[in-house]
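As structure tokens, here come the structures.
You will see subunit A twice below: alongside subunit B first, and alongside subunit C after that.
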Partner chain A sequence: MSNYPDTYRYTKEHEWVSVEGDLGTVGLTFHAQQELGDIVYVDLPKLGLQVEQGKALGSVESVKAVSDIYAPVSGEVAEINDALTSAPEKLNEDPHGAAWLVKLKLANPGEVQNLMTAAEYQTYIGAES
Partner chain B sequence: MPAASLHVTPLNSVHRALGARMVDFGGWDMPVQYSGIVDEHHAVRKAAGLFDVSHMGEIEIRGPEAERLVNYVATNDASRLRDGQAQYSALLYDHGGFVDDILVHRVRADEFFLCVNASNQAKDFAHLREHNRFDAEVIFASERYAQLALQGPRALEILQTLTPVELNAVRYYWFTDGEVCGAPARIARTGYTGEDGFELYVAPGEAERLWREMLAAGAPHGIKPAGLGARNTLRLEAKMALYGHEIDATITPWEAGLGWIVKLDKGDFVGRQALVKQQEAGVARQLVGFAMVGRGVGRDGYEVLCDGKSAGWVTSGSPSPTLNRNIGLCYLPVELATVGRTLQILVRHQPVEAVTVPTPFYKRPR
Partner chain C sequence: MIDKVRSHPTQNEPLLFEISSPGKVGYQLPALDVPPVDPEGTLGARNVRAEIEGFPEVSEVEVIRHFTRLSSWNYAIDLGMYPLGSCTMKYNPRLNEMVARLEGLAWGHPYQPETLSQGALEIIAALEGALREVTGMDAVTLQPAAGAHGELTGILLVRALLESRGNPRRKVLVPDSAHGTNPATAAMAGYTVQPIGSGPDGRVDLAALASLVDEETAALMVTNPNTLGVFENGILQAAEILHAKGALVYMDGANMNALVGIARPGDFGVDVMHLNLHKTFSTPHGGGGPGCGPVCVKQHLEPFLPTPRLRRNAGQWGWDYDRPQSIGRVRAFYGNFGVMVRALAYIMAHGGPGLRNATIDAVLNANYLRKRLEPFFDLPYQAPNMHEVVFSDARQAQRGVRTGDIAKRLIDYGFHPYTVSFPLIVHGAMMIEPTETESKQELDLFADALIAIAREVETDPELVKSAPHSTRTSRVDEVAAARKPVLRWRPAPPRQAAD
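Let's look at the complex of A and B:
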């Protein structure tokens, strides 16, 4: 089993966000990559795009299926993790760390409070499976 | 625990204990992957993989006219079989579409053993009964069998340590009744991966012990438990049809590239008239292999365009772990069904370039 950092917040669609100042780093959870299996493509948004909480942010494709990634919080895409374009399998290896997806400049930092804590998320995925 | 409405195989709790990801596969709670589809796929191509395929159905045909019934309902010629020989065949409707694709095993002149698709077994059984105007008995036998598939270049070596049967003498598409780990087993040299290997039909109560003993015996050879995910990528590379994808009630064997399992000269059979008619008129569409040129995977159900116009649909598509490119099968109008043609596949509303290629995508070295 993997470690779900207490400092992250989690969505029902299996993204995480880690907030530092006005920047939120967004990634996919360990559980999500496990469900997807071997990841072959990661499609990320363009820099500068304004995204809304709960709206599509990109997609991730495994051998088996394609799945949308949703923005856990609203904001402007300030940075994308280019390394995933050439090495999507990193998302299977280190989803909570080096394989983060994008960094968002938060439009509304309060939104983070709508998301689950690590404990709540683990209960949620426990119930789901 | 699986949902109460799902069917389970005798190995359900074993899969769960191994940490398999389970999915609802046509009403069956089945393992889609253990260590990962790509890892399991490579294990089968390079060493061996063990699959639980106990969801597959078994139907026995017995009696003095067993062969006549089989030959009347199935497209291939069962009269060419000898005792202990197996044959790929199909059940068709009168209109020529597939009821199912099946494996016919001749146990002896008055006993045939059919292996059929899990989700079609009730339909197949009813179809066989409906057309049984012969002195033959159709017996639904699925609950008497678990099925394990040991596939890969090391399959024979591994299985040989567990059976007194001389496996080298069992040729491809032949079978024999013997013992594996002391348990009675029907040992068939067949499979759905494009590799050498065996499919074992055993009593459900023996499945768990055989599963464990095969994994233990195969450990030094690099065996891995393999799920339906790898089974799908393996069969796709070998261009083996999957019911509900390449074939279904609306598709005929001519269209699916399965003319080789149709023997028009053997006498009348269900669907023959429609096939003769279609052959005379010419088929309108054909199954073709493609490889993606642009970035993306052309998946099942995606629309295929040619010169900007809708031309067909993808039946199966996936990254190919062996070829390391994205491949698939699609139906195209026969005039477009040539190798080297540029296509566009609508991948989530975006046209992505693909090219038609020869099939099978993979053929094992012999």
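Let's look at the complex of A and C:
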């Protein structure tokens, strides 16, 4: 079923971030897409936008609801995954891989340390449900 | 193939475009008995076209049958119970309609001189007065055209008051159980939305509230009772916390059906609120309008109310446009007058004791359903509920059946579904509001239906998951509709001539 990569860090709002160098790739967790159900629309930020950890970065819409996506770390939007605009279902199919949302140029790499590890996150969602 | 193999209520109906055939018309015009005018010469050639492409050509009887068949597909409060939580789908008494159709009211025109409109103005004044009494507020505007419009008007009033004090402030607090229109309203009025969590009893967490309210807080937008149907019994303390920092309390009055005649927002610290006349005061919900979302305020917000304001001068009603601090007009003319007439008719037909009884019956009905359904469905919040009750699908979800499936199955039992998946703080929410309209007999039929579905979930979950089975159209593909929406009809491409 779900596989939460150990190299990723996770938020309570169900985003993941994978850091390579000064770039953090951000996505939604498997658990998030499962809770949302079929995702029908993804609203991504503009390139160059400065975001703050914990602030809204965009939104995803499922048949049930619209949910904000929160930035797991602060930084500048360096890349967005345009493919999701025409194929939002990818978020249901491969949330931890091909369906990454944005890449952020990290403003403060130390912030990653505030986030949960894969094991902590799985305990967290276990307790939540 | 024979198309007509079912009785007409279950036959599908083509679009008018699809039943069109060239040359058919639904009218007969007499011969022209005046000199013909050349439209191109009069209007200019670019404004005249010889043909409207794809325009349906149908006869009168085809049009009549088309729309009559479509109308027979409607589900309506006049056909049966409509348990949509939060929407307060109560019966619209025929008396309201009779009064609204009185010639002098139905044919009144907003450009009619004030001297000839005294009766209409008296009705507006009487409704404002009744709503002041029901809410305990000091002044009312009837201009906003619906609840969300009232919300925006209300928050613009907050902004105007705070601006007049020198600082409009930055943020509006909204509980996580709120109607989605609340955060949307705050954002539209230029505020940052700060969500507040609910406590384990489903009420606003006062400690969290106290820690969030500061000098940059403009207002708290609170629904009371909230969307769980639970009364915010900390509302007085909440109001104190806000007022101590110079912030205001906005109450979403969507759930006033639980309070009318029992408790008044003006007595529990609310500065500004809106009402939904189509919910609490039995005006038709309509197809998105016309509606009326009155905004009721305390005295300190009165100078900012939309212009014009009704005033009485030398025994005559008239409109006052000299309102220098007003946020301006929010609606053409004076709002939707016909809706106001219906609401006043409802209020006067009931009288004070009657309105109070309606509230008591609405709360009783919701609690009756809670007791009957509690053994079969999960009730995530145990706090006493008022006019509505929110179950979750937790038990049925173990068999793979979700709230949406149960709702679809309810259609097969002849009921409109309850509100599905809202409020969002309840996972798999099933939100039920019977209103005072329903008799015990109807409530029992509804409860029996839901209990029967709960049993089906145990014995034959697939039956529920694939519902509805008795409708013209079976379950639609909501995902495909949202991902690849077809927003308009397009003519089929012209057929290629066979070569």
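Criterion: the second predicted complex is superposed on the first by the 129 of 129 C-alpha atoms of A that agree within 3 Å, B and C clash if a C-alpha of one lies under 4 Å from a C-alpha of the other, contacts with A are read in each partner's own complex, and residues count from 1 in each chain.
We adopt the following convention: a contact is a pair of C-beta atoms (placed from the backbone, for glycine too) under 8 Å apart; a residue touches a chain by one contact, two chains touch by 3 or more.
Predicted, not measured: the structure shown is a model, and the values here were computed from it.
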First (subunit B), second (subunit C), both or neither touched by A:Lys64: both
Which of subunit B and subunit C A:Pro88 touches, first, second, both or neither: second
Touch count on subunit A, higher of subunit B and subunit C: B
Touched partner set for A:Pro5, first subunit B, second subunit C, both or neither: neither
Touching partner for A:Tyr41 - first (subunit B), second (subunit C), both, neither: both
Common interface positions of subunit A, toward subunit B and toward subunit C: 38, 40-41, 61, 63-65
Contact footprint of subunit A on subunit B as seen in their complex: 21, 32-33, 36-39, 229, 233, 295-297, 299, 318-319, 321, 348
Residues of subunit C that touch subunit A when the two form their complex: 421, 424, 478-479, 482-483
Residues on subunit A engaged by subunit B in the complex (per definition of touch): 34-35, 37-38, 40-41, 59, 61, 63-66, 92
Interface residues, subunit A side, partner subunit C - complex: 38, 40-41, 61, 63-65, 88-89
